[in-house]
Amino acid sequence: MLNFLEEWSFFGGSILLIFIGLYGVLSRKNMIKILISLGLMDTGVNLLLVALGYVEAANAPIINSVNPSNAAAFVDPIPQALVLTSIVIGTAVLALGLALVMKIYDKYSTLNISEIRGLKW
Amino acid sequence: MNNNFVKGSWQEILDWAQNKSINMLHYCTGCGAIELPPTMTSRYDMSRFGIGPAATPRQADLLLVTGYLSTKTLRRLIYTYEQMQAPKFVVGFGSCTINGGMYWDSYNTIKQLDKYLPVEMYIAGCMPRPEAILDGLLKLKKMINNGEADGYQRYQDNLEFYHQNQEAVLGEVQRTQ
Amino acid sequence: MLTKYIFVPAAAAFAAYILNKKNKKAGATITALVSAYLLLSLALIYGSWELNQSFNLSLMGYQLEFLMALTPLSWLFAVLTSAISLLIAVFSIDSQADFKFSSVFNLNFLLVIGSIMGVLFARDFLTLFIFWELMTWTSFYLISSGKKKMAGRAAYRYLILSAAAAYSFLMAVIFIFQQTGSFAFEPAAEFLLNNSAPQSILLLLAISLPFWVKAGIFPLHVWVKDAHGNAPKEFSPFLSGMLLKVGFYGLIVVFHQLSFFKIIENTIAYRGLPLLSYLFALLGAVTIITGTILAIRQEDMKKLIAYSSISQMGYIIIGIAIATPLGFSGSMLHLMNHLIFKSTIFLALAAVIYRTGTTKMYEVGGLIFRMPLTFAAYLTAIIALAGIPPTNGFISKWVIYQALIEKGYLFLALAAFFGSIASFMYVFKPLSTVFLGQLKPQHQEIKEVPLLMKIPMLILIGVIVLFGVFPGIQMNIISQISGDLGIETVNYSLYSIQGAFGAWNSLYIFNVFAAGFVIALLVFGLAKKSKLVGLLDTYSSGEYVTDAESYHYAYQYYRPFDRLFDNLAAKSLTGFYETLTANLLKSGESFRRIFAAGRVQNYALYSVLLFVILAAVGWII
Amino acid sequence: MVNLTLIIALPLLMAFTMPIFKMLNSKLPKFIALLTTAFNLIVLSSNFTEIMAAPLILELGGWQAPFAINLYVGPLALVAAFLINGSAFILSIYNLSQDYQFDDKFYLLFLMITAGASGMVMTGDLFNLFVFIEITSIAAYSLTTFAGGSSYEASFKYLIIGGVGSVFLLLGIGFTYSAVGSLNLAEIAASAGLINPLLLQITALLFLIGIGIEAELFPLNFWVPDIYTEAPTAVSGIMSGAVSAAGIYALARIFFTLFPAQQFFNYLLVIGVITLIMGELIAYQQENIKRMLAYSSLAQMGLIVTVISLGTEAAVKAGLFQLINHSILKVLLFISAGVLISAAGSKKIKDLAGLGTKKPTAAFGFTIAAMGILGVPFLNGFISKFMIISSSLNADQFLITFLILAAALIEIAYYLKVVQKLYFEDLEIEVKNTAVITVPVILLTLLIIGLGVYPQLIAEPLEKAAAEILNNSRYIMTVLGGI
Amino acid sequence: MIDLIYKIGHFLLITVFATALGLLFMGIARKIIARIQKRYGPPVYQPYLDVLKLFGKDAITHGFIFDFGAVMALGGVIATLFFIPLGSWQLYSMEGTVLLVIYLLAVASLGMAMGTVGSGNPQASIGISRALTQMLGYELPFLVILFSLIFRYQTSSIWGLMQAQAGSFLNWNLFAYPMMALVAFVVLIGMMGKKPFDAMIAPSEIGSGPVVESGGKYLGMLLLQKSITIIIELALYVNLFLGGADNIFSFSFKMLIVWILATMFGSLFPRFRIEDGVKFFWKWPLGIAILQALYIII
């Protein structure tokens, strides 16, 4: 029973996080809030990826003195490698987004996205 | 001008034809014009003598001046007369064309038509009745037949005289080129 | 070596473009030389009908072969094209002095000639399609180099219409290609013959659509008026003379070589003629009527002549559609005669436009005194157009009448009679407004057109009278064509044609006409010599006429007659096409407003929605 | 036979050392960009014959196939890479003569975007594909902002949509990884049967949306008009020429190898047709010439997706040929439009009236490209249109053919409006002087006419590419080497 | 060669005869109209006198086209005369003469039109535009009648059509197809420009229409042309509907009857407006002619 809860808490949690982020992006008017919810979605996905690689009662895939390379129980290292790169990408995108928001703010002097309608066509 | 070089006999035939068929341009200047419809219609029937109305001066032989002439109308009359072709005759109705009639002292009427256009014949009457018109026209036909009606000839011969009189009254008159 | 007829003009086109940059007259002279060369070499290869040429190419996995061959029909059309382009080129050497786009004009003109040769000699659909597209494109550029804004719109409408038709042609042709494996005419003909009737009729109709558009028959004639009216004055004669005829070349190919008539033989017939071809003839009749009524209303001379071309095309389609030997030779005769006298009219009007600079009829008048030769050319041409005996126009109309009366088609005959009688009206209108009537003061010192523009007009007058008296010359090439297409020929001699109810001896009539004329001249000479009087000295009920402008009756010449057709002309067909495209594109506009409204959150929402919808669809199936 | 990875590695290296070159001499970055793209082209052509024979597999990091990230360079990938680097090369020539002063950062991003696009095309690994997509989009976000004005707004919108898309993509990759346990495309394709159908369905849709944004499909492509209009000409050129081609390649690679079920191809067909019709209809309405070109390239992408999703080999070949033509024509259109806009000083079509005489090369370039797209004989558009119609006809999709032809008709309508304005209307505005673009125009015109008159040039690589993309079993065999 | 001279002599004889007869008919017409209006009217030979007078008068011209128009009008009409069988005199038996005659009449009217419009007078142009509109009106029913006749008798030569009505007077077309004869009669009035359809030479409105500028010998020639046209149209009607005649006297007698009827019919009605004239022609005569044609075809 426990491990079921354990098992699903990871997946459910991360998917829930993704939906919250998605809702944030779709509904918030303030641009910075949109960016924050975008970051939220990113972390949600990353969590999901890590959760996929979970192996029962295994320890972190780092080879050091405590657990030498021949130890059996390692958590699957590949998703974690993926998550690393995706975190990097997520932050890069957010940084760029914030810079853009600053520029837009200079032009429209508002953060409300529905007022930025320069490109109607 | 083309009268003399044609042999006498051919001219007689033409005069005979001319008197037999006269196209009349009734220039309704004055009050006489109203007399013409009765002469043309069934009661007096002018057409039995070969005289009929013509629509334009090009087709007309006879110019009827039916009444008083204001100076403005004279200018148009002269222009129409010059548009008519050679064997052409002018007949004046009533006393207004002879000596101004009842408008004898008015400032803007023409007193004596003869000074401006060569008139063949006058028909008396302060607007002659159809019988008088018919009688006058029959006399005109006789004149044409024996060649006496040479008004257009007189106009050509002393053109200068007529032009001076016209310019005296009208000032500058536009001649057809 | 048929490809030389395509590549010589194409090469010369680029040479003309470059040379014309330096000296305005170079382009037109090159066009003249090239068309003279084409005419000469065509004349030499007359009769060698087995001359053909093919080269194949494996393209992206498709085995394609391009066939070219010379048939009497294509020979005739090629000779006509090169003759008319020679005359126009000689005419346009001087008349292009003030023309801004003259180098582009010559470039495209030669390309059009080359592509028409390509179309004529093509024996398979792909070559036909390629050269047809090229012809459409180059004539598009030619038309849009005409009068400022209107020419652009006219060319634009012309191209959209012919592009739509060309695409239907392409679709049908590729469908046949998949069934028969090759593009040539012969296998396609067999396939269509033994294919199910409705499907092959549909296919042939789709193939003939571009030809209907180019020939300007009733429902698709909307582009003709604007294109001719606004094209540059040198190109209008070619446009209405030759480009309309290429449409007919296609139709004849579809009707006879692709055995369209054999296919519809067994369909329900109306008075001995398959219903479908009677329908085409009816379309032709409607074209005559609409063309004539709208021609009478026009104030712009070139538009008037354009509408008259539309109505004359109606005659040709009637002749072809009733498919009797008389009908076919009548329509071919009319096709040739129409080319001759229509280009004379357009050249004469081009000369008038060259000198006066305006195409509106009420702005000119009395030009006979300043441009007598142009008047003479125009007079002979309109006598031919109206179909008055001593000229060639009458013969072709007479043959078509014989054909119609022989089969007793009343309504077609009615339309044909209406067309020819009403042609007196719209033909006389330019004569009286442009050439007769009062001469405007500003046109007092207009000189006659330079020599190089006079020569084509003189040649054309000669040809009109020549074919008027000796139709036999035209008939022997027509009999060759009908022999080649499997229609029995009409017997004829040098100066007479045997109609259904009687022969027509044009030499005899010419002599009688001359005799009558001499008698009248005698009567005129006997009488007294008349005195010359100026134009302004006319009967105006005594009033002095000073300015010629107000004394020239030209505007709305047939106002009473037009009043009868005011409502018909109002709802013209172009309006229908305009609204059709307008609300089609308005839907695009509303489409954009719903979706691309600029709010980024909607865009994100759409991507999520797409996911949900597709998931639902996947789940249901 | 130079190692192909250089095509990705070298541009990245050069990109990041760009500031150093700038310090040496301000003009240097332009030439460096030109040199690197030229070098890429040389490398590609040197491997040309060898790859035509058999696809090349390159392991990065020395490990054996299923574990290491490997690059799979088949004929299709080669053609796409050629396209990307070719348009990059032409655009960098265009940048040489560009008047607005781009500093080294522009060229840094320019090289990054080329590297990203070539990477997308050559990767054989799913996550690697995701990384390259992200590199390209980030480069695209920042490149558009160089034009100032409302380009920030456009790139912000693109960023948001891109972000959402990448989340979907990452989710898709996650699910496939959890199902198959490997990221190598061949491995996933080989064990496609194992995934339960529901999960397969979901992941396919996730991929569809994730890559659909890159491939400009209907509901996902609303960023395209804003980006192409606001971005500087070179950027919109590279985006429409190279990046969208890479997007289509990725879409095709994913759907032909991973999810070959007919059901997804029907989705793609429907979406493609909607994109085509919607793009053409809206393009007709536009006054702004760049926006018109944006919608037109969006519609062309829809056309290519529709044709490819027909599934027959002839259709795929036609789609690819159209892709190549479209890239060449669009690059030329954007270059000439850019010059015309800078000459007229405004993006409105009605202000471009009469520029034909003043800017002959640009106007001529625009006209030739417009006629190319419209399918005038003896130009490359005609051959691809002919192949599209014949392939869709013998897949007996009559309705689709009719819609394609109708869309082509609308396309003729709005391109003609511009061409007529250029040549046959008189000039109102005074003309500013602009960059000389004779070299790129001549190069592209030669390419257009060359392909039009003698298409055999690329017939053989196209055939191989179409064959290779279609049967994924051969793909698996070559990559896994029969393990 | 002799045959040629014979033919020319015959041709001149016919021209003179037709002119004389035409002018006589015009005189008779004026007499009849006068009698209807209860007045004596000019003598019957009045038209001869008018012609003689006109050729005696001077005349003005507006240039070459003015003269050329008058000559072409008279020449065209004389040429048309050549193809009409007047009673026994048949100069030209070749086929296809009916359509030819219609178009040759057009030559004459075009010549006259060109000459008069050449005079530069707007009234002449208005007259001609009315004449051409009206020609479109009456020509259509007439051609439909010709269509049905040619189709019925399978020959398009007047001589052939005449032969087809030989035998007793019962099989004249007048009795074979009475409705068609009636329509042809109405068209005849329109063709000759008699009273109800003379809007083109309305003296009050446009100063006698086209002939406004022609005086003297030009008016004379137009008068001659008018007389020959009357003869031609009457001859056409008689040939087509009254079975022609074997000798010239009975032929001219038949023509006289038709002429008198036409004049009487004409003098009763006021003048049609131009478009009403065309509308009239296209409503009743054309309707009946089409019904007749359908009757014949089916």
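Chains here go by letter, A, B, C, D and E, matching the order in which they are written, and residues are numbered from 1 within each.
We take it that a contact is a pair of C-beta atoms (placed from the backbone, for glycine too) under 8 Å apart; a residue touches a chain by one contact, two chains touch by 3 or more.
Chain labels with UniProt names: A = NADH-quinone oxidoreductase subunit K; C = NADH-quinone oxidoreductase subunit M; D = Membrane bound protein complex subunit mbxH; E = Membrane bound protein complex subunit mbxM.
Everything numeric here is computed off the predicted structure, so don't read it as measured data.
Path length between chain D and chain E in the chain contact graph, taken as the least number of steps between touching chains: 2.
The chains that touch both chain C and chain D are A. Chain centre most remote from that of chain D: B (centre = mean of CA atoms). Compare each chain's C-alpha centroid with the centroid of every protein C-alpha atom shown, and the nearest one belongs to C.
Of all chain pairs, the one joined by the greatest number of contacting C-beta pairs is C-E. Inter-chain centre distance (chain A to chain C, centres taken as mean C-alpha positions): 70 Å. Centre-to-centre separation of chain B and chain C, using mean CA positions: 60 Å. Separation between the centroids of chain A and chain B, computed from CA atoms only, is 117 Å.
The geometric centre of chain C is 37 Å away from that of chain E, both derived from CA atoms.
Counting partners per residue, chain A has 22, 25, 34, 118-119, 121 as the residues that reach two or more other chains.
Shown for chain E are the residues that touch two or more other chains, namely 56-60, 207, 212-213, 216. Annotation for chain B: residues 2, 56, 58 touch two or more other chains. Every pair of chains meeting the contact definition is listed here: A-C, A-D, B-C, B-E, C-D, C-E. Across the complex, chain C is touched by residues 156-157, 160-161, 164-165, 168, 201-202, 205-206, 208-209, 212-213, 219-220, 222-223, 225, 263, 267, 278, 280-282, 284-285, 314, 317, 321, 371, 375-378, 382-383, 386-387, 389-390, 393-394, 401-402, 405, 408-410, 412-413, 416-417, 420, 423-426, 455-456, 459, 462-463 of chain D. Every residue of chain B that touches chain C in the complex is listed here, in rising order: 2, 56-58, 76-77, 79-80, 83, 174, 176-177. Only residues 127, 130-131, 134, 138, 141-142, 145, 150, 152-157, 159-160, 162-164, 166-167, 170-171, 173-174, 177-178, 183, 225-226, 229-230, 286, 288, 291 of chain D touch chain A when the two sit together in their complex.
The residues of chain C lying in touch with chain D in their complex are 58-62, 101, 104, 129-131, 133-134, 137, 140, 144-145, 148-149, 151-152, 155-156, 159-160, 163-164, 167, 170-171, 174-175, 177-178, 584-585, 587-589, 591-592, 595-596, 600-604, 606-611, 614-615, 617-619, 621.
Contact residues of chain C toward chain B in the complex are 528, 533-534, 537, 539, 542-544.
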